[in-house]
Amino acid sequence: MRTLRCLLPLLVLLAACASSGRGLRVAGSTSVQPLAEILAEAYTRSGGGRVSIQGGGSTAGVQAVLHGVAGLGAVSRRLAPEESAQGLVAHTIGYDLLTVVVHPTNPLAAISRARLGRLFSGVAADWRDVGGPPGPVYLVSREAGSGSREAFRSLVGPVSPRALIQSSAGAIRVAVMANPQAIGYVSLPVARMGGLKALAVDGRRPDEPGYPLVRPVSFVTLGPPQGEAAAFLRFVASPAGRELIREEGLVPAGDGP
Amino acid sequence: MQSVLQACALAAGAAVLLIAAFVVAEGRPALGAVFGPVWDPEAGAFGVLPMLAGSLAVTAGALALAVPAGIGMALFLTEVAPPALGTAVRPLLQALAGVPSVVYGFVGLTLLVPAIRRGLGGPGFSALAGALVLAVMVLPTIAAVGEDALRALPPTFREGALALGATPWQAVRRVLLPAARSGLVTAVVLGLGRALGETMAVLMVTGNVAAAPRSPLDPVRTLTGNIAMEMGYAVGQHRAALFATGALLLALVMLVNAAARRASR
Amino acid sequence: MKAILSALAVTVTGLLAGLLGLLVRKGAAFVTVDFLLGLPARAGQSGGILPVLVSTGLLVGGALLLALPLGAGTALYLQEYARPGRLVEGLRALTEALAGVPSIIFGLFGFSLFVIRLGWGWSLASGSATLALMLLPTVIRTTEEALAAVPRELREGAAALGATRWEAIRRVVLKSAASGVLTGAVLALGRALGETAAVLLTAGSDLGMPTSPLSPGRTMAVHLYILATEGLSEGRAYATALVLVAAVLAVNLAANLLMARGQRP
């Protein structure tokens, strides 16, 4: 038993010289996570190194890159000025459609941006107020550090403090799927997982051109990208990478507005 | 050899001091701000009173259910069950205690939350859901410690009461429970400590709304849930506020444990 | 009274039976060899959980590797070497205080110290170190109890035969206390399997197969949490829960058997 204590310094040694096992760390947006995992899988299969994906939200990803804990941050919003001021560089890989989702039995099929804003700010607290059958509105939103929440705020308006908070796009989907009176917002890849109805906003469905709730999706680095991060970014911008992005429902960067 | 072992002991003892000092040091810039009534990091408000209310609501609800049930189970094992049944039931309680909290959270999320929404109204994510899940988690602790307390009583207490003409219930109520009081209080306080510190299960079923609950059906956010949700991305004053919350939580739990130790003397 | 208490006992045992039955009913069909030995696909929506099992084993194993020597050493010092007095009482109070610290606080501490400041990032190393701190009180407490149960005569006999204190401990006391110490290790293992919040904050949640102590890893509890909250696959979530609960119950059973064997003269 005492000999086990001799293994302790060995463990530390192992940790120190096994940095090759780290690979590229990508951390951040849970909205982007499904896409990031698919890109990482394809990158490794095509000869690239090992890439690990971590969630936590866009701002968590930014923090991870700033602290050197991750090589790439996945963010689903624009960088704030103070973030850019610290040397962060955003590489936009595509555009995601922020999808407003309700339970499949909800009679609502379309909504204007103004009404959506009233719903989510809490001013309209009953479905009656937006033309539906009477009943309380249960808002489901992301937490404060989420890129999706920030994008929603800049595209639609603030979220009421009485909204239910879930820590990931997938969790919002679960919450809305289980409650006929709930409404939430998720990224398009998550909305496509099924079980929900996506609302048309300002007369446009998410699969139609001109859908208003569009936000950039980026990988951020501290300073110019180097090494494995640069190689991965090159793969993402390649035709193979862009095809994968398209398959997930996003618009790859450079494909037009 | 002695010095090696002494070093181990000092390191182990230092661990909790290190953790406490670390949490307090990182939280110091925000220690004043956390005692406000509004939590809105984007607006610079870091008051955790709504989360304190959430934690207390969920914990109080859990204890209201788990204390009678737990002491009842302890009494069942000491007064009612034949020894063979006792040896069968006790491992079951232990198993209930061993089930990881995330499993309780999962079952709560898939079964309890929709059931509350359909049966009682509200969003389903609620203080009630949190209290119910916590009650199941805390019950085995109260039952086990309570049983130890009751078994420690001399058999003459029970025999004497019965000899004086008391019914079994009267013996329990007027003699055994008061005599075992310090041990039972310890059991309750240990359950309280565990409930306050629980994170995952309540995070999954309470809805995480940073506002004090006005009814059991309202969603709430606990102190632990607040830390878990926001830690990944908080910076500056926000981060300090989360550490200050941690310090507050630590102080609460230490207080509760100290009370348990005092009660068991 | 008997009727009420019996009804309560039936309800509580029914609760556990119901919980296990639910997990089996919804998850057993997914627990196949392919599930246990296969790789996950599409973020866990299909495929198996082999990397999760491997990460869990490595993380918990690493934590025990750190906690057992440190904890056993501390217990040995407190029981065999230290003279009773304020220092010993203080150390014991400190290690008990460690037991009361909520798991999220360990997560905070581990995240700030191991992940950020020491630069280990989200890794099995960060997770194991954090988990080891959480297991320390359990190991210390059970080892101390095991050592205290060793009869004085054994120690005195060894001394009479001319052994030094350490020789007496190594050759006589430890052998006698071995099963108790092992029980403590097994109990710690059970607790470690269920930890979620602290592990998520320190070991990360990457689904890949870990290749070094600095690789991130996803444990069973974390995998269940993610599958459940993100609605990726209800069947696989139940299956993971079933495997996790089965592991914990097996560990508890092993602990009980060891304790029973240790008590036989």
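Note that the chains are named A, B and C in the order they appear, and that numbering of residues resets to 1 at the start of each chain.
Just so it is clear, a residue touches a chain if its C-beta (ideal position, glycine included) is under 8 Å from a C-beta of that chain, and two chains touch if they have at least 3 such contacts.
Owing to the predicted nature of the structure, the values given are computational and were not obtained by experimental measurement.
Colleague: With contacts defined as at the top, give the pair, A-B or B-C, that has more of them.
Modeller: When the contacts at A-B and B-C are counted, B-C has more.
Colleague: As a test of understanding: of all chains, whose mean C-alpha position lies farthest from that of chain B?
Modeller: Greatest centre separation from chain B goes to chain A.
Colleague: I'd like to verify one number: the distance from the centre of chain A to the centre of chain C, where each centre is the average of its C-alpha atoms, in whole angstrom.
Modeller: 34
Colleague: Using Cα averages as centroids, what's the distance between chain A and chain B in whole Å?
Modeller: 34
Colleague: Centroid from C-alpha atoms only, then distance chain B to chain C, rounded to Å. What do you get?
Modeller: Centre-to-centre distance between chain B and chain C: 19 Å.
Colleague: What positions in chain A touch 2 or more of the other chains?
Modeller: In chain A, the residues touching two or more other chains are 166-167, 174.
Colleague: Got the chain C residues that touch at least 2 other chains?
Modeller: Within chain C, the residues that touch at least two other chains are 69, 73, 229.
Colleague: Which parts of chain B, given as residue numbers and ranges, touch two or more other chains?
Modeller: Residues 109, 232 of chain B touch two or more partner chains.
Colleague: Please name which positions on chain C make contact with chain A in the complex.
Modeller: 43, 62, 65-66, 68-69, 72-73, 115-116, 119-123, 125, 174, 204-208, 210-216, 229-232
Colleague: In the complex, go through chain A and note every residue touching chain B.
Modeller: The touching residues are 56-60, 62-63, 138, 143-145, 161-167, 174-175, 178-179, 182.
Colleague: Per the contact definition, I'd like the list of chain B residues that touch chain A in the complex.
Modeller: Within the complex, chain B touches chain A at residues 40-42, 109, 113-114, 117, 123-125, 207-211, 219, 221, 229-230, 232-235.
Colleague: Per the contact definition, I'd like the list of chain B residues that touch chain C in the complex.
Modeller: 1-2, 4-17, 19, 22-23, 26, 69, 72-73, 75-76, 79-81, 89, 91-96, 98-103, 105-107, 109-111, 136, 139, 167-169, 172, 193, 196-200, 204, 224, 227-228, 231-232, 242-243, 246, 249-250, 253-254, 256-257
Colleague: Within the complex, which stretch of chain C touches chain B?
Modeller: It is residues 1-2, 4-6, 8-9, 12-13, 15-16, 19, 22-23, 69-71, 73-74, 76-78, 80-82, 90-91, 94-98, 100-109, 111-113, 133, 136, 140, 165-166, 190, 193-197, 201, 221, 224-225, 228-229, 234, 237, 241, 244-245, 248-249, 251-253, 256 of chain C that touch chain B.
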